[in-house]
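Heads up, the next two complexes both have subunit A, just with different partners, subunit B and then subunit C.
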Partner chain A sequence: MDKQSLLARCRHFLTDGIGAQHLTLIILIVLISTLMQFFFPLFLDPLNVETLLMNFFPEIIVSIGMTMVIITGGIDISVASVYAFAEIIVAKAMVEAGWDIVPATLFTLFLCCLIGLMNGYLADILSVHPMIVTMGTLLTLRGVNLAITDGRAVSGYSDAFAFLGQGHLWFFPIPILVAIVLAIIFGYLLNNHRYFRQIYFIGGNEKAARVSGVNVRWVKVSVYVICSFLAGLAGVLGASKYGAAHWGHGNMMEMKAIAAVAVGGANLNGGSGSIGATMLGVCFLAIVNNAFYIARVETFWYDVVNGGMLVLAVAFSLYVNHRNEIKLINQKIRASNRVEMEANQ
Partner chain B sequence: MAEQPILEIKHVSKSFAGNAVLRDISLPINKGEVHALVGENGAGKSTLMKIIGGILPADGGEIFFNGQAVRFENPMQALDAGISIVHQELSLAQNLTVAQNIYFRREITDSLGFIRKDAMANAARQVFKRIGVDIDPNVLIGRLSIGMQQLVEIAKAVSLDAKVIIMDEPTSSLSESETSHLFNLIRELVRNNVTIIYISHKISEVMELSHRVSVLRDGLLACSSLTSEITTEEIIHHMVGRELGNLYPPKGKNIGDTIMSCQKLSRHGFFRNVTFDLRKGEILGFYGLVGSGRTEVAMAMVGATPITSGEIRLDGRVVRFKNPRQAIGNGICYLTEDRKVLGLFLSMSVRLNATASILGRISNRLGFLRSDNMRHKSSELGDYMGVTPKNDIIDIINLSGGNQQKVLLGKWILTNPRVLIVDEPTRGVDVGAKSLIHAKIRELADKGMSVIMITSEMPECLGMSDRVAVFREGDLITVLDNPGDPEMQKNIMSYAVK
Partner chain C sequence: MVRKFVLAALLAIMALIVPLQSGVQAGEPAEELYGMVVFLKGSEFFNWCYAGFKDAAATVGSHVKTEYLGPADWDASGEAKAVEQLIAMRARGIAVTAGDADTLVGAINRSIDSKIPCLTFDSDSPKSRRLLFVGTDSYQSGYEAGLIIAQLLGDKAKVGISLIPGLDSITHRVAGFEAALKEKAPGAKVIAKVNDEGDINKAEQVLTAMLQANPEINAIFCGHGNPATGAMKAVINVGRDSGDSKVHVMAYSIDVPILEAVDNDELVGTVAQYPYLMGVMSFLNLYSAAHPTQFDNPKYPGFGMVPTANIDTGVRVLMKGDPLLDYLKNPPKM
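Moving on to the complex of A and B:
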């Protein structure tokens, strides 16, 4: 690439709202970490970093799927109960039905994909807002989770399964490794694969995407399937990590995932967002959360900060949109002046 | 005429973004007459009405109402003065009742501000009685047919004690019996000294109903005359009588055999029995007035909307596209008239927009996009279409309308289509982009691409197309060979109106 275009790109990144938002986020993360490290030298201790990440690995995995759904202009709030459902099914399959790890996991993930298929298909066929469809799934599935467990935890699986959620590969806890690998894979696909590129077109302008030859229905449904699949995968790892499956696990996870995407700067109306940005969003939430624990602040305040951050992030996006609109208007005026000049000549 | 006109328009002009839409229009409207206003699409009829009704401000000139100069800042002031507009797209709230719509913004309330529904319904009933219409005031507007809704709009105007009622294409979606009912109502209103300004494409209606007819052409008042003193032929002559310059590329040279044909294509409620052939290397113009079904035919041809009956043949083979993707796969593309809604991905870069339909060709076998391919294709398009600025990583929203249109046209050219359907390809673009787009379309046709060009602009239709298919109210009336001489205008127009 030639220098000029590189320069243009840099300037574009800095003046473009989304780029600026990422930069702000990175600066905030570094700032909070430095301050915390200064006052609580244990903050950046590998052990604390591991705790910090382990507390948030389900959110990392789930927010990958959520990013894709939100880029299409949809939303999936059923992920929390899909997560708990996966925990329960994989546990029951092994503990009560005596299945092996692999078939139990595959069966669980298959069921989760079916749930995603249903979400996507209903939202598309009935053209009901995905918020409503997935809210229905969230509540129904939570009821199912309660009913099939009688509200009790399911536990007692093998050490081999426990290794999935608790074990390490070299120095890395396996769930975190899985989350990072997934983020890299999907991040790369979203940037570089034609199939995933279509997600952006759908979110940017669904009708135009259809006229441009995108199979809108199929792509949208598949995104919900991926989202439920990832929630299910997080659930399987979660069951292993906690050593027990419980219907209440993962509660409010959908909100954290959506918050991560929003803080990362994606437009909730669709068309923009990236896995990298969402990861910054999750990191931010995880660090703020951890800071509260370390500093022994009453954790009740955590949600206050979280909520405040979300509102700020959205306000920032709106500001950027607004500024773009002004730019558009100015450009229109310039264009019309040009027309007039041509007419006068 | 002894009496002073109720409404007098003096030297009104208006331009949008440097394009003059109305030039120095002066027109008196007499009390108690039906004054018809006719003209081609874009002649300025609707703009003039919007200025009278306070929806748009005029750039210059004055309007006198009852002898006094008025300047309405908003539609409410016009309404209060006694000027009502019945819009082409009705402006009633679909989920409110008839009575609530009629008394919208002036609800009948008790002293505490609560709405008195029964009193409102009774008042509405009185209005309906006055104009001889039988509609239940408690029914939801959405449950009524378009024709009935139109009557409610007129009842609303009457209840406001309107002196002047402007009707914009009131019969465009009415059945024959509804139309005759409307005409009776208009005659009744005129007997009660209400003045009607009647905008229409349909000259037969104008001849039947109006006392006086005025013709607008390109923002100028071409003629104004008593209806009894003018013939249909003269009206058409005034609508289109203009010279054609040498603005357009030459006609097609090597036109081949039929490659695509539509047989009795119908979509219920939109178009009927549309039959035509499209030949290799020709530009087939689709001319018609707005709402004549041209865009709907195009959308159905590429599978964006369903077909009720009929068939499409491509190379003699019957094809039926379920979605635009299949049409694109067969080399048939549609460039939309509605850039914002159906064309652009506004928040994305020029490069992404340019390559949206050729993802398959810029990726490797596993579907991974090759960024060098993408950059190459995008800049190839930019050079060919002369898109400025050359930097294609900026969001397309920052481009001017003309450059956006160049990108959209280029996007389809990149797919190498055999049949390209362009819908109002030069709407809202500047003069330079317009002639470039014309030249490119002709160049592609000469290279063997077949083009269907939907246009509402008569000069563009004459200048560009080799043949012209004329549409009227969902029917393809005729296909005419087009030598491009000015005499063709009247010929085409006489098929398009009536």
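Moving on to the complex of A and C:
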């Protein structure tokens, strides 16, 4: 790449609203980390960094699936219940039914995929807004989780299972490694694989995608399946990390995942977003959360910041959309003027 | 001119930063951080606990700081995260109330492994290696409530119980309540138990349905803090808040509306724990555990002296006219 095209790409990145949002996020993350480290030397302490990441690993995994659902123009607010459901099922399969880790985990993930399948099909066949369908799933599963556990926690797994959520590989906690590997795989697929590129097409213009021969129903349903699968996987790791499965775990996780995707610059109406940007969103929210703890600021204010960031991100995304539409209209006007001028000449 | 202004601004910033960076001055004791971790953060009960914790810390010195952490909902995994965070912050002691006994085991054990004293208060996590438990004897508190209903209605008592299934503390309270009824009024019966899910509106809904389905019920025992307001509304919904068919409601809360309802005779009474005392005792024991004396702790080597048995902070059933009602009506502000 020559110097001029590199400069042009940089200029485009900075003038493009989403690029500027990502850059702002990176600057904010670096700035907050630097200031925090300066005033509170514990901030970048390895133990604190590990705690920061471990406290957010379920959100990292869940937000990968949420990103894909949001790119299609949908939303899945059932992830918190699916997370707790997976915790409970894997725990019951091992502790009460005596299954081994692998069949218990596979069975749990299979059930989670079925939930995703149901979400996707109901939203598509009934043409009901995905928020309503997944809210139904959220409430139904919460009831199921309570009913099958009688409100009690399920615990008492083997050390091998506990290692999944509590163990380390080359000094890295396993759940964090899993989250990073998943982010890389799905990030690559979203950028490069034809099937996953269709998600953007559907989110940008569903009718056009359908006319172009994309199997819209299948792609949308499969995205919900992936989202539930990832929420289930986070639940399995969560059960292992906490050493117990409980219906109350993962409460409000859906909101954190949606906030991370929105802060990362995805359009909540669909058509744009990326795993890398969502990871920036999760990082930002995790660092702010940790900064509140370390700086000993009342943690209730974190929710205010979280909510405020979500509103700001949505407003910014609307502004970028609006600006792009105006750009498109201006381009069309310029093109038609040019055609008119050429015809007149 | 501009250069001078920039220089002055830099000096001003340095003047602000340097004292912050220099930290402890010679002769001053090093700062010590103690954390209290709760679920339902912000509830009056836990605010009382933290007030006791903070006030007890203040008696030791200004170098002792306290932190009040935990989720605002019933998510024990959120509490585990808060405990982990306090470990990363090198806290000198952690008091935690277990929203779920098993979920907190790992985090509490990690605290002990990191040589940070950790105890439980109000709700225990008995499978963990916590130093001790500070709280109410749940069975005894239920027993005291059962005695009042037995005295009031005798063998004619037909009771409905509002609870959250699966929580050890509530299970023990209900067991104590039933034992008192069996002992003092053998003819009394528990007719129904309903799950209020810890929600006032849900409590009103399920208790109204319970009273409609079982008109013989003449008393309701609330197994925990949340359902009492819902129970009062349920009694009004079925028109049995006064007269001969009145349903007598026994609460388990020291929230101000509940205390006022006891004063106004809308509730037969309420089981009052001593959350402020729980906070005070939690801090004092953590402080002691964090400061070993010349003899090592016989049960937990490396820690300072703490009782090897749990601490029972006691309980009292408050009824109309109890002077404690007025005292409790002024909860601490956070």
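In the analysis below, the second predicted complex is superposed on the first by the 318 of 345 C-alpha atoms of A that agree within 3 Å, B and C clash if a C-alpha of one lies under 4 Å from a C-alpha of the other, contacts with A are read in each partner's own complex, and residues count from 1 in each chain.
As a convention for this text, contacts are C-beta pairs under 8 Å (C-beta built on N, C-alpha and C of every residue); 3 or more make two chains touch, one makes a residue touch a chain.
The model shown is predicted, which means the values in this text are computed figures rather than measured ones.
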State whether A:H129 touches subunit B only (first), subunit C only (second), both chains, or neither.
-> neither
Quick one: classify A:T51 as touching subunit B (first), subunit C (second), both or neither.
-> second
Go through the superposed model and pick first if A:R152 touches only subunit B, second if only subunit C, both, or neither.
-> second
After superposition on the shared chain, which partner residues are touched by A:H249: those of subunit B (first), subunit C (second), both, or neither?
-> second
Partner chain(s) touched by A:G271 [first = subunit B, second = subunit C, both, neither] = first
Which of subunit B and subunit C A:F201 touches, first, second, both or neither = first
Just subunit B (first), just subunit C (second), both, or neither: which does A:H168 touch?
-> neither
Pick out the shared contact residues on subunit A: the ones touching subunit B in one complex and subunit C in the other.
-> none
Can you list the subunit C residues touching subunit A in their complex?
-> 17, 20-21, 41-42, 65, 67, 69, 71-78, 80-81, 84-85, 87-90, 99-103, 105-106, 164-167, 195, 197
Parts of subunit A lying in touch with subunit C, wherever the complex brings them together = 38-39, 42, 45, 47-48, 50-51, 54-55, 146, 149-153, 155, 166, 238, 241-244, 246, 248-252, 290, 293-294, 296, 299-300, 303
In their shared complex, at which residues does subunit B touch subunit A?
-> 17-19, 302, 304, 323-325, 328-329, 334, 336, 341-348, 352, 356-357, 359-360, 362-363, 367-369, 371, 391, 393-395, 397-402, 411, 430-432
Within the complex, subunit B is touched by subunit A residues 5, 8-9, 12, 192-195, 197-198, 200-201, 204-205, 207-215, 267, 271-272, 324, 327-328, 331-332, 334-340, 342-343
